[in-house]
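Next up: the structures, one after another.
There are two complexes below, and they share subunit A, which is joined by subunit B in the first and by subunit C in the second.
Take a look at the complex of A and B:
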């Protein structure tokens, strides 16, 4: 695809996104509400530990670190979460809207990736203010700025979280070629992702056996990993190894999605019309 | 001259899940599914030369739309061959995709919330069209369809007819050599239908593009296409001119009479099948070969103020033909259970 075409897709997607800006801004702001509950929840947990005279640490996380961790996973998820991507692909398959990508000289995955980049850009422009405010108010929970190298790796882990989230969910959406109704399947995936990406709590808190398995899964890169990098929980050779594994997962899902698309199209019914 | 479209033994069958009615049956369906094999297109052969305007006619489920989807590469056939402009459609090469367009009357391909102009701009880049050429084509098409003033209005706020015009512009921006139109006038009012037809005729004559159109409206076909391909149950049952359909399938003519009181229904029924009798008007259906004899008897009896002999409306001929075709080969053979 030419750069001009790519830019046009991004530009038009942004224009479309801005049409319902009121609804969008409200939705964006509402995402910040759970922070308050999280702060109270962990405050209660840690004060109970304190009262029982036990060390104020859960799975290696202090109270401050836990809140900082939670805020950082919010940043990670702002990159990795893909609302409506898999279900949208499945819906387009069911309704026949996929036809458009088969008829026009445009690659569906490229198109959807650019579309998603546009959505994220609009989201960041709206959410940047609230994010900055929350981090300013909560700065006391952070140990301070990490060194520049860690910051760079953190930034890279965010971009990779975006790519992994995109390719993983788009590959899931392709299942729609085989099973027309995928909403239950996606619900199960989201449930797994909620617990095993570290969105709910750090995966260090999982039982040892489960944690070992979860560390083999790609889900941790969607929330846990960027936060752990920022807080210095991953370092040295382990850090680079993790990045390499994440890159491998991205490539894997990019190929899986493409192969699934090619095979799916062959058995596709071209529904509707 | 090489063919624009060449189809040999093209076949497409689908496996369709049969969902029985009722909750219990639905639960049973979770364990043992029954499928029906539907042969949507059964080994058709067809050659279309460049610049032809061909209509696909037939009842719902005849395989018209499936054929268009096969030719535009949306579907992969079960067997058989097809070449459009020398390309195998279902390989979906970009070289082919830049040379044809498919417009589906029931589908919206434009961005719903944005002005059509934005969708057109996207097409410019997707099809890598030079800016000046793109803008000239866009403005020409918008003018021909009188929608220039609507280009900046969100698509969701256009009427169905206006939207269809925008869909057509979007499809023609890259000057396709082959155009597939699936029910382009469906759901439109008479004026909008007329405008779309007039545009298509004009555009086709000017550009000499090859157009294949499916429609339920015989008037579309009569106005636009010299060649008609009738499909029934996945097969081509007729390929020729519109007049030829009347010759071949219209075995009857309709005699309209303006008579006076001397004529009774009984008397008229003796001449042919009495379609209607609302004195002083009567309509008779008469086998083509009997027409001269019947006319002689009517004129001999006298008391006729006016008289005309016409072919029955094309819709009636086609509908009657398909009804007959269906009844002598029941629905059981349309799909075999597997």
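Take a look at the complex of A and C:
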């Protein structure tokens, strides 16, 4: 695809995203409300620990770290979450809308990636305000800025979270070539992702056996890993090792999606559209 | 499309209520219409049986995941809050109470409230206004989501388990009061939901309204004691006295849990307040709904 075509796709997607600005900005701010209840829930949990004379930590997290963790996973999810990507691909396959990618000189995965980048750019420009406000109000929960090296790895882990999220979900959407209805399958994925990505709680809290399995899954890179890096929970050789594993997962899902698309198109009927 | 479907499924209901030359009148008529709504919704749900089962299974697994999270918390902490009495099983009785209320609201009103803003936007509310029956009744109850009852059963099982583990058998009076306060809780949640949905008359398109209901009720998912301190105390006051969502689960749950049961005069005052709040919310939602109907301009169609 030529750079000019890529730029056009990005421009159109940005314009499309800005149609319902008000609804969008309000929705972004409201997404922080559940964090408020989490702050109070964890305050209550830690006060109970204190009263029972136990050390004030849960799975190695202090109260402040726990809240900082939840805020940081929100940042990670802002990069890794891909609302409607897999279900959109499955819908296009079912309705025959994939036809347009087959007859135009535009590759479907490239198009979707550019489209998603544009949506994310708009999202960050709108969400930057609410995010900055919340982090400013909650700065007391953070231990301070980490060193430049950690900060660089954190930034890299966010970009990689975006790529992993995109390739993982687009590969899932390709299952639509083989099964007409994938919404329940996607729901199961979403459920697992919410629980085991660390979005709901730090995965260190899981019992040892389960935690070992969960650490082998790619899901932790979508929420847990960036937050853990920022808080200094992962360091030294383990840090670089994890990044390498994450990169391998990205490559794996990029290829899986590509191969699934090639094979899927051969089975594809192209009715309607 | 969804509005079309609901109208079709609602049609026979009104036929049955109005069709006869001497149809019943007064409250009995509403009961009969309600029964027809329930039957039609069940027929509709049973038409897509596998879809129905998947809906039940997925909402139950969502609840189980949440329970898993709380189980994890209790692996580390003895209770939610220092000396609040909310140890594991009392807290699970609390969660069960929330589950019973939420699933009831979900089954009866969620789909309908979701559809109301769509009816207003498309102008299809005209067809509801023409019916010889109370509009708010028709709009609120025409479609019942039976799949939400899966979570109702999970709530019952969880409550029974919690009571057995706490080794407590509630008296008949306590059970009756519990059910009564559950109904009050449902009324408060319903009022908030229908008022938010009706206000889409003024906003035109607003997809975030039900989200807003969801976010407000998130505050009611935990015992009210957790809202403490400089920010917590005002929050607790606002969500108790202004938007009374905190009494919805807290008041009934306390009746069945010995460690947190109402003991002081202020506890019983809170219970009395919950009843008053339920009545006041219903009245307020009725007024808001009527004003919204007057502002409705029948756009489109």
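Things worth noting here:
To be clear about the criterion, the second predicted complex is superposed on the first by the 272 of 273 C-alpha atoms of A that agree within 3 Å, B and C clash if a C-alpha of one lies under 4 Å from a C-alpha of the other, contacts with A are read in each partner's own complex, and residues count from 1 in each chain.
FYI, a contact is a pair of C-beta atoms (placed from the backbone, for glycine too) under 8 Å apart; a residue touches a chain by one contact, two chains touch by 3 or more.
The shown structure was predicted, so the numbers you read here are calculated from the model rather than taken from an experiment.
Three-chain overlay on subunit A, with subunit B and subunit C fitting side by side and no clash.
With both complexes placed on chain A, subunit A has more residues touched by C than by the other of subunit B and subunit C.
Looking at the shared chain after the overlay, A:2 reaches subunit B, while subunit C stays out of its contact range.
In the overlay built on the shared chain, the residue A:50 is in contact with subunit C alone; subunit B does not reach it.
In the superposed pair of complexes, A:136 makes contact with neither subunit B nor subunit C. Judged by the touch definition given at the top, the superposed model places A:208 against neither subunit B nor subunit C. Residue contacts after overlaying the shared chain place A:216 against neither subunit B nor subunit C. Shortest separation of subunit B and subunit C in the overlay equals 6 Å (C-alpha atoms, whole Å).
Of the residues of subunit A, those at positions 20 touch subunit B in one of the two structures and subunit C in the other. For subunit A in complex with subunit B, the touching residues are 2, 4-5, 8-9, 12, 15-16, 19-20, 96-97, 99-100, 102-106, 265-266, 268-270, 272-273.
Subunit B makes touch with subunit A in their complex at residues 14, 65-66, 69, 72-76, 92, 94, 97-98, 101-102, 104-107, 109, 111, 113-114, 118-119, 121-128, 182-183.
On the subunit C side of its complex with subunit A, the touching residues are 54, 58, 61-62, 65, 68-69, 72-73, 75-84, 205-208, 211-212, 215, 218-219, 221-222, 225-229, 232, 235.
Within the complex formed with subunit C, the residues of subunit A that make contact are 20, 23, 26-27, 30, 33-34, 36-37, 40-41, 43-52, 58-59, 184, 187-188, 191, 194-195, 200-201, 205-207.
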